[in-house]
Amino acid sequence: MATTKLWTDEEISANPRVKAVIDDIRTTRKSDFINNFWRALANQPAVLERTWSNLKQVMFAPGALDPLTRELIYIAVSTINGCEYCIHSHTAAARAKGMSDEQYAELLSILGMAAETNALANALQVPVDLEFQVR
Amino acid sequence: MATTKLWTDEEISANPRVKAVIDDIRTTRKSDFINNFWRALANQPAVLERTWSNLKQVMFAPGALDPLTRELIYIAVSTINGCEYCIHSHTAAARAKGMSDEQYAELLSILGMAAETNALANALQVPVDLEFQVR
Amino acid sequence: MATTKLWTDEEISANPRVKAVIDDIRTTRKSDFINNFWRALANQPAVLERTWSNLKQVMFAPGALDPLTRELIYIAVSTINGCEYCIHSHTAAARAKGMSDEQYAELLSILGMAAETNALANALQVPVDLEFQVR
Amino acid sequence: MATTKLWTDEEISANPRVKAVIDDIRTTRKSDFINNFWRALANQPAVLERTWSNLKQVMFAPGALDPLTRELIYIAVSTINGCEYCIHSHTAAARAKGMSDEQYAELLSILGMAAETNALANALQVPVDLEFQVR
Amino acid sequence: MATTKLWTDEEISANPRVKAVIDDIRTTRKSDFINNFWRALANQPAVLERTWSNLKQVMFAPGALDPLTRELIYIAVSTINGCEYCIHSHTAAARAKGMSDEQYAELLSILGMAAETNALANALQVPVDLEFQVR
Amino acid sequence: MATTKLWTDEEISANPRVKAVIDDIRTTRKSDFINNFWRALANQPAVLERTWSNLKQVMFAPGALDPLTRELIYIAVSTINGCEYCIHSHTAAARAKGMSDEQYAELLSILGMAAETNALANALQVPVDLEFQVR
């Protein structure tokens, strides 16, 4: 029920610009599986190229946050944005990167707690303490 | 500019029910500083008690996620919910728990990237792959 | 710090189309006070007219929900949408319509609780029970 | 299509910690029906316990807001958060607690109206009137 | 899976108040097709009347923004609000009004980019430049 | 009140990596004015580089949507996300690109209308018509 068609492997192979991105996704993720997000973005090659290029840097380059922590943050954003697709894909990714049941339970607790205190602080319009401000 | 008044230390001391919660916050956080969120919630002692009791469990009990990771997730939720107060308080908390500049830069990158792909996946209404579904 | 200027009483009086709406607001609300929302909308007379006409029907016409309940629902929506202005104006309106401290505390509890379970249900992508569906 | 499995009655019965919560839900709500939200949360017993304990206080304890008003507020939050599951479950709950067609129509009007003026006030960045501020 | 029933053509024809609105929708849009949104709103005739009257003014009256631009803005709001129904209906409407593949790709790019910088500006709590403020 | 410091012109000039991006912003926008968003992002040079590179492509490259239409879409996203900074900066940018008062009034009308029908469609959980689905 996408608003655009999803590209098949045959259609991807027939378009060199799209194929180059998809090949790099397969190589980077060490898996042949291409999920529907990329099959939908294939309709817009420029968006596909830019999105993957950015995602590759943000999620796959070495850095100060480990891969699982990155996925936990991604799930948090996706949950609050109500992105059904992204919640599913990044929960699966977190599990593939080793998220334990205990870690998932704690993630859920923090998501719920933060959403609750966000609502309280917004409803009360609590002024930011001077101690928290960078000047 | 809160929608309710913020309790002073004197007002807190004069109300045993509120004082008990505030004392526990001070003990648990090993700091005398009480930020405005709790001073606003003091107007509703039952909400104050329940909120602190839950937050203490979720953010201070030992568990499978370390304290800094919990704060990073809290910042993510607060940012997407647009909670000015919570963004400030939890960014300060993350720094107090050792968040480096490099970790903060990566957190920002992931927040931005996730928000971007959430918008794309929602706009395209990408159907969830069978591979991501738990049956 | 609005993105548009706020109309003074003199400017309102000098524009018959705007004045007619503002006069009706004063009559309907039985108060001379005109808050900034209407002073900003005055820059767009057609939007001002349509917005007030709708709001008058929805919030001031007799109906099945009493005026205070309507304000509580308005605060709930405004809080989740993070609308600082609307949270302030409708919290003030609810108090003017008799909201007690106890009712406000319960409203806050429900806002927080609902935000929390919304996050949990979205994160878990819980399928809707057949029992809840209208067929 | 949940991101976790839903517990059957048999699985619930076999786990004393989970069974204790589910039994209390059945007793409190005077119904044997256990909806999918609790069957999903059963995977995380600590989250299940805490969530139910809080919800029981917020939604079932006697207070200053009647049960139907609480559900109307819950629907408002869930709608703006876009929580499909919660919209369905709390609309069903509101009907079970006596929400009339006329009340539902007015709820819808207020949700729409508030969402509209939230967008206008945010777009115009209307400054909060001094009259609305608690000092 | 709506929370209310969807009215059939027969039910619409049997209710003069509802029929009058639906007839005007058909005339204004020059099409017999009535989508589910209006069939659901038919349960609340006053909301149906008011919503259509407003939408007709906002989306169909001549003005300074062309019909396609209006649809692009509508898609943007619907995407960020995560309204699955509205994303589908207004993407279809934009295509019917001539949205090209290139325009759609650019819309997607802007949606993603804006969502990303919104997250960054909110996370960093960047103060508004004096140059942007209307005084 | 940012969560990070804002870089002065002197600090920018002293850091070649940051200076290169800021210089390109000045050249591309044909203006010496550097707004606070970029002065805050300067703390994270990699995020600064990537964000500007993307924004330059999305907002400044020639394409199928004219510059003003792009800004209107940007305002729409920013308003619904409640990003105070972005609402101010992109409303100013839209005016600089020629947005008339009439166009702004229509933009506001569409923002409000879309937010309203989003709330209604979400509350009613209207099922997507088959006619809107791409298969």
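Lettered A, B, C, D, E and F in written order, each chain numbered from 1.
Note that in this section a contact is a pair of C-beta atoms (placed from the backbone, for glycine too) under 8 Å apart; a residue touches a chain by one contact, two chains touch by 3 or more.
Everything numeric here is computed off the predicted structure, so don't read it as measured data.
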Note: among B-E, C-F or C-E, over half of the D-F contact pairs reappear in B-E
Dist(centroid_CA(chain D), centroid_CA(chain E)) in Å evaluates to 27
Chain E to chain F, mean C-alpha position gap in Å, rounds to 21
Rounded to the nearest Å, the gap separating the Cα centres of chain A and chain C is 34
Among all residues of chain E, those touching at least two other chains are 1-4, 47, 50-51, 54, 57, 77, 79-84, 87-88, 91-92, 107-109, 111-120, 122-125, 128, 133
Among line, ring, star, complete and other, the chain touch graph is complete
Touching chain A in the complex, chain E uses residues 82, 87-88, 91-92, 101, 104-105, 108-109, 112, 119
Touching chain B in the complex, chain F uses residues 1, 3, 43-44, 46-47, 50-51, 77, 81-83
Per the touch rule above, chain F residues touching chain E in the complex are 1-4, 6, 33, 35-37, 40-41, 47, 51, 54-55, 57-59, 63-65, 69-70, 72-74, 76-86, 88-89, 91-92, 100, 102-103, 106-107, 109-111, 113-129, 131-133
Counting only contacts in the complex, chain A reaches chain F at residues 1-5, 50, 54, 57, 128, 133-134
In their shared complex, chain F is touched by residues of chain D numbered 75, 79-80, 82, 84, 87-88, 91, 107-108, 111-120, 122-125
